[in-house]
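Residue numbering begins at 1 within each chain, and the chains themselves are lettered A, B, C and D in the order written.
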Amino acid sequence: MKRLSGFAIFAAVCLLLPVIFPDNYYVTVVGLTIFVNVTLAVSLNLLMGYAGQISLGHAAFFGLGAYSSAILTIKYGLNPWLAMIFGAALVLCLSYVLSRPILRLKGHYLAMATLGLGIIVHIFFVQADELTGGPDGISGLPTLSLFGVPIDSDIKWYFVLCSYMLLSVLFSLNIADSRAGRALSAVHGSEIAAQMMGIDTAKVKSYIFVFSALMATIAGSLFAHQQDFVSPESFSFFFSIELVTMVVLGGLGSTFGAVMGAFILSILPEVLIVFEDFEVLIFGLILMVIMIFLPEGLFVSLKNRAAIMLSKRESGS
Amino acid sequence: MTLLKVKNLEKQFGGLKAISDLSFSVPENIIFSIIGPNGAGKTTLFNLLTSIYKPSTGSIFFKDKEITGLPPFKIARLGMSRTFQNLQVFLNMSTIENVMVGCHLRSKAGLLASAIRLPSVIREEKEVRRMAEEALHFCGLSEYKDRPAAGLPYGLLKKLEVARSLASRPKLLLMDEPAAGLNDTETRELCQLIKRICESGITVLLVEHNMTLVMEISQRVLVLNYGRLLAEGPPEQIQKNPDVIAAYLGE
Amino acid sequence: MRFLKNIVTLLAAFSLVLLSGTGMVQAKDTLKIGSFLAVTGPASFLGDPELKTLQMYIEEINAKGGINGHKIEFVHYDTKGKAKEAKNFVNRLIKKDKVDVIIGGTTSGNSLAVIDIVEKAKVPFISLAGSIKIVEPVKKWVFKTPHTDKMAAEKIFADMKKRGIKKAALITGNGGFDKSGRAQCLALAPKYGIEIVADEKYGNADTDMTTQLTKIRATDAQAIINFGFGKAPAIVAKNIKQLGIKLPVYESHGVASKKFIELAGDAANGIRLPAAALIVADQLSDKDPQKKVLLAYKKKYEAKYGPVSTFGGHAYDALFITVEAVKRAGTIDRAKIRDEIEKTHGFVGTGGIFNMSPTDHLGLNLDAFKMIEIQNGNWKLLY
Amino acid sequence: MDQLLQFLISGLTVGSIYALVALGFSIIYNASDVVNFAQGEFVMIGAMSAIFLMKAGLSYPLAALLAIAITAGVGLALEKFAIEPAKNATVVSTIIITIGASIFLRGAALLIWGKEIYGLPPFTSNNPIKIGNATILPQNLWVMLGTAVTVLAVKYFFDRTKMGKAILACSYNKKAAYLVGINVKKMLLVAYGLSAALGAAAGLLVTPITFMSYGAGVMLGLKGFCAAILGGMGNSMGAVLGGILLGIVETVGAGFISSGYKDAIAFFVILLVLFIKPSGILGKGEAERV
């Protein structure tokens, strides 16, 4: 299984970290945010990196999952897992219906349409007070239990969110290396040629849109239970743009690129806090510098450079 | 037996008739070339045949089935494939991955099965790789298989498009100016390749400017001029046709 | 092998972060006060003076030798007004910084989001946000100092009743403060015999509200109430003037800063609002026990930072309620501090005179709010 | 129906603000296919510079001119230090650079000017003008005039001047433009400078109506982007049409349907328009050559 050796090491590290640093704030608290963001970035990368279809509305699906869980469990007393499934079903239908007309658009127009979609959903979260609790959101979600074990501590959440994140990374790696993944890349490379190879491009785009939305929705449900609280600003268009930035920062089209991009953008604010008023400025600066000097994205550029160095050394010796 | 039949085909762009009242048939297992001066409508015809453009009027039959207006991927599913004048290689993939896309129609793993990587997917993946290697070998590209396509020289990219199309095992292969931009050696190689493709049981429809090549390998030649059929027949006959000579030399 | 390289890159990044996050040593006898405020973002006009007030007074207390010898160590994070950040930072305050008391949560959304965390961790938390939901129902570890939006609505309606107004139009923004104020207005209006005849909304970043006001103009409303903060109320005021609407206008305590008058210009004149006494401190009678406290705070703040707002005052109140509680408790034990905060009685703050109890974790009554009218570009205390 | 007139006038005033911001997008887009996410920050920097120059004692016109110059300088610096060094960056990567730049500029503005909200005095009187039962402020007319002048200037620039055509050529085909002797680097520099100056002018015009603070550029930029897309990206007439349409949809939606959902209504309309015309109202669909 050479194909997944990288993944295996990555998984081992993630799972061992809390054992080595059991009470470290960065592991058990920040780690949870990172896992959610990594999952979202990886799912967005399927659409953006593989299929080449930009989405500035990914946070909407994340939010729909979170709100479905919150509303269904609190207002209707549904079992959390059942609520999660209902949320996923809702997003499945919604994203499927929307995918065809939206994905007919290209480039900036697609960006606009997905942005609009995200903002409409966000406005709904803010304005439908009776259902969503308005800007204050909803708090007090019931505890999620897995096989009878309540997930009620940071460390338990660590393993739940970590597992889901690893699963999404594994799916993403598998897809990249498969018939479906190649069809996506083909759509990205040349839609006309993809069609001539017998690929139903509209269907392929629509499926990955739905798949990616579903991954985000479930992440949203888990996030809501972990935070024990939902409020609209976690799902605003700013967050959608942040997700896009994560994907591009790490390296469009690379699963581990998305992982790295999400990791860096989640950890940066934590580290930059010490700069107080300069935080925003430095954050912007770092983002710019990375993209200027590594325009293919941090991970992809570094990997390519490492590969060049290695091949030089091999040919030199 | 007739593989492709075009009846009263017409395509208008604004006021301009790019193709007018064109009818012809392509029999199975031959190399059929379409020639004509620049702007005669050859690529437009290809785009009509593969449904990238919708015809204004007229109909197209492939394997006795009407395919007019079907989406391109459905036409591909029926066994038609093509290469492009302006290359449409997937530059974001490696050489072999490009060809593996060509195997799309010969494999069936879906998105979910791929994500979970079912055992059947793993098996199929091996098979697809083997088929792709076969097509690469056929086109003489084996040594480049793991290179990123973006790094290949122009001549190889043209071959890559052919390999990709072949991997889908088409009945009919449309080749749009395969020799354009190639040097003499490369053209000679191409000539051999096209012949071998035809010998393997694939009908070839060729748009080409290189007359030597066309006359050497084609069984039938069709001449387009201003979107109209000027002449059609075996190469020797076409070469002697006064209308064709006039069209090429200009009035 | 390709992936191995990937992993090394990732690992390097991970370990860097871990190294930077360890090694916090805490001196035993300092009182650690943690705070999370919306210092930037849309609610920065609230969070900014709050932070400045806390910093200024903690510095002063430490310079004077601390509280009973306990120096104060102050840890602060900027939530930018985001609830998710608020949650993260409160976790960080509790788990990483291990603070003894938390003062903060500029906006209601931020405060509400962290209640469960502080309750679970058993850390006393004094919120600086308006919503009544923060302390009603009472939560053991949660207190607050600002007047509630419910009080603001009641004060406005009481004033309307006095003026004989029976029908009012509501126009509110899409923020938490606005929405919560709107909900209180809708809920309380019947109690005062007032009918809400229009319920218009705008986005807080909008550039023009003439459409909503045109709709209001077409109703038979006798007064307009606007709950909001930031630039939007100033635009509302200007648009009301532009449309030539002559109805009495009520704003909320959200605009109780000079900035509002500066932005709205002469359109601000005649507008009434309920607010803490701070902005009209010099108009209070000398007998008013608050006057001395207010003038002292105003003088100190304005000497250092410029025009004072009532919002910084809430931080002042929270800080000194804590200081008094620590003094009485004689220890920095969290539970004891909490008990003493709850026993706060007769504390004269900028927001009023606080009398807390196990059933009231705010301790202010309606008198703490003053009704103010803007006249000739200045605050005028009505009653 | 009495209200409709005011709704339309309100829509027109809001819309002309969007249009003005939208026009700023078109120049950089026409030069490089890049949507400059820092465009809203240009608007903010223009306004904030003018506000603080006036505080420092400068006269209104002088402060305004200087503010435009400062913002143009920021635009040039952005191109010189962030866009030019990233020469191999794809359009997406360049867009992320502009996102980084917008965050950076906002952070810088926060440090320099603080968090307070400021206004500018109106250019002329503040007394509303009556049109039937509806009213409009003189400053709104200034915004409309500014939009009209800008759109004509931008159109003239791209249709009639050599430099404008050269900039257009850069976006069609960088290499070809270079080969026919166009200094691509210089053209990009010009495009960023002009876009920034245009943004600053928009900031000066709208601040008397909507006020300004360090973070206000984001929403203005967003609405401007929507307007530009709705009208057809890169098309200056489209930007104006898109802006005004967006403004009117918002006010009419707020007036007759729901003011709380007015932005949702506006985005819904944008989606519908795009479903019918995938490249905006006046945008041209690009046919792929194969």
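The rule is simple: a contact is a pair of C-beta atoms (placed from the backbone, for glycine too) under 8 Å apart; a residue touches a chain by one contact, two chains touch by 3 or more.
Keep in mind that this is a model prediction, so the values were computed, not measured.
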Quick one: which chain's Cα centre is the longest way from subunit B's?
C
Can you figure out the chain closest to the middle, judged by Cα centres?
A
Per the C-alpha centroid definition, the whole-Å distance linking subunit A and subunit D comes out as 31
For subunit A versus subunit C, what separation do you get between their C-alpha means, in angstrom?
34
Could you grab the centroid distance between subunit A and subunit B? Build each centroid from C-alpha atoms only and quote it in angstrom.
40
Rounded Å distance, subunit B centre to subunit C centre (Cα mean)
71
Which subunit C residues touch at least two other chains?
40, 174, 201
Show the residues in subunit B shared as contacts by 2 or more other chains, in ascending order.
52, 84, 88
What are the residue numbers in subunit D that touch two or more other chains?
110, 260, 263, 290
Touching residues (chain side subunit B, partner subunit A) in the complex
50, 52, 71-73, 76-77, 81-82, 84, 88-93, 97, 100-105, 107-112, 114-117, 121, 124-125, 128, 164-165, 168
In the complex of these two chains, what residues of subunit C are touching subunit A?
1-7, 9-11, 13-14, 17-18, 20-22, 40, 77-78, 81-84, 87-88, 91-92, 95-96, 108-109, 112-113, 115-116, 131, 133, 174-176, 179-180, 183, 201
Provide the residue numbers of subunit A that touch subunit D in the complex, in ascending order.
54, 101-102, 104-106, 108-109, 111-113, 115-117, 119-120, 123-124, 127, 192, 237, 241, 244-245, 248-249, 252, 277-288, 291-293, 295-297
Subunit B-touching residues of subunit A, taken from the complex the two chains share
171, 174-175, 177-183, 185-186, 188-190, 192-201, 207-208, 211, 253
Contact footprint of subunit D on subunit C as seen in their complex:
39-42, 44-45, 48, 174, 200-203, 205, 207-208, 210-212, 214-215, 218, 230-231, 234-235, 241-244, 259, 262-263, 265
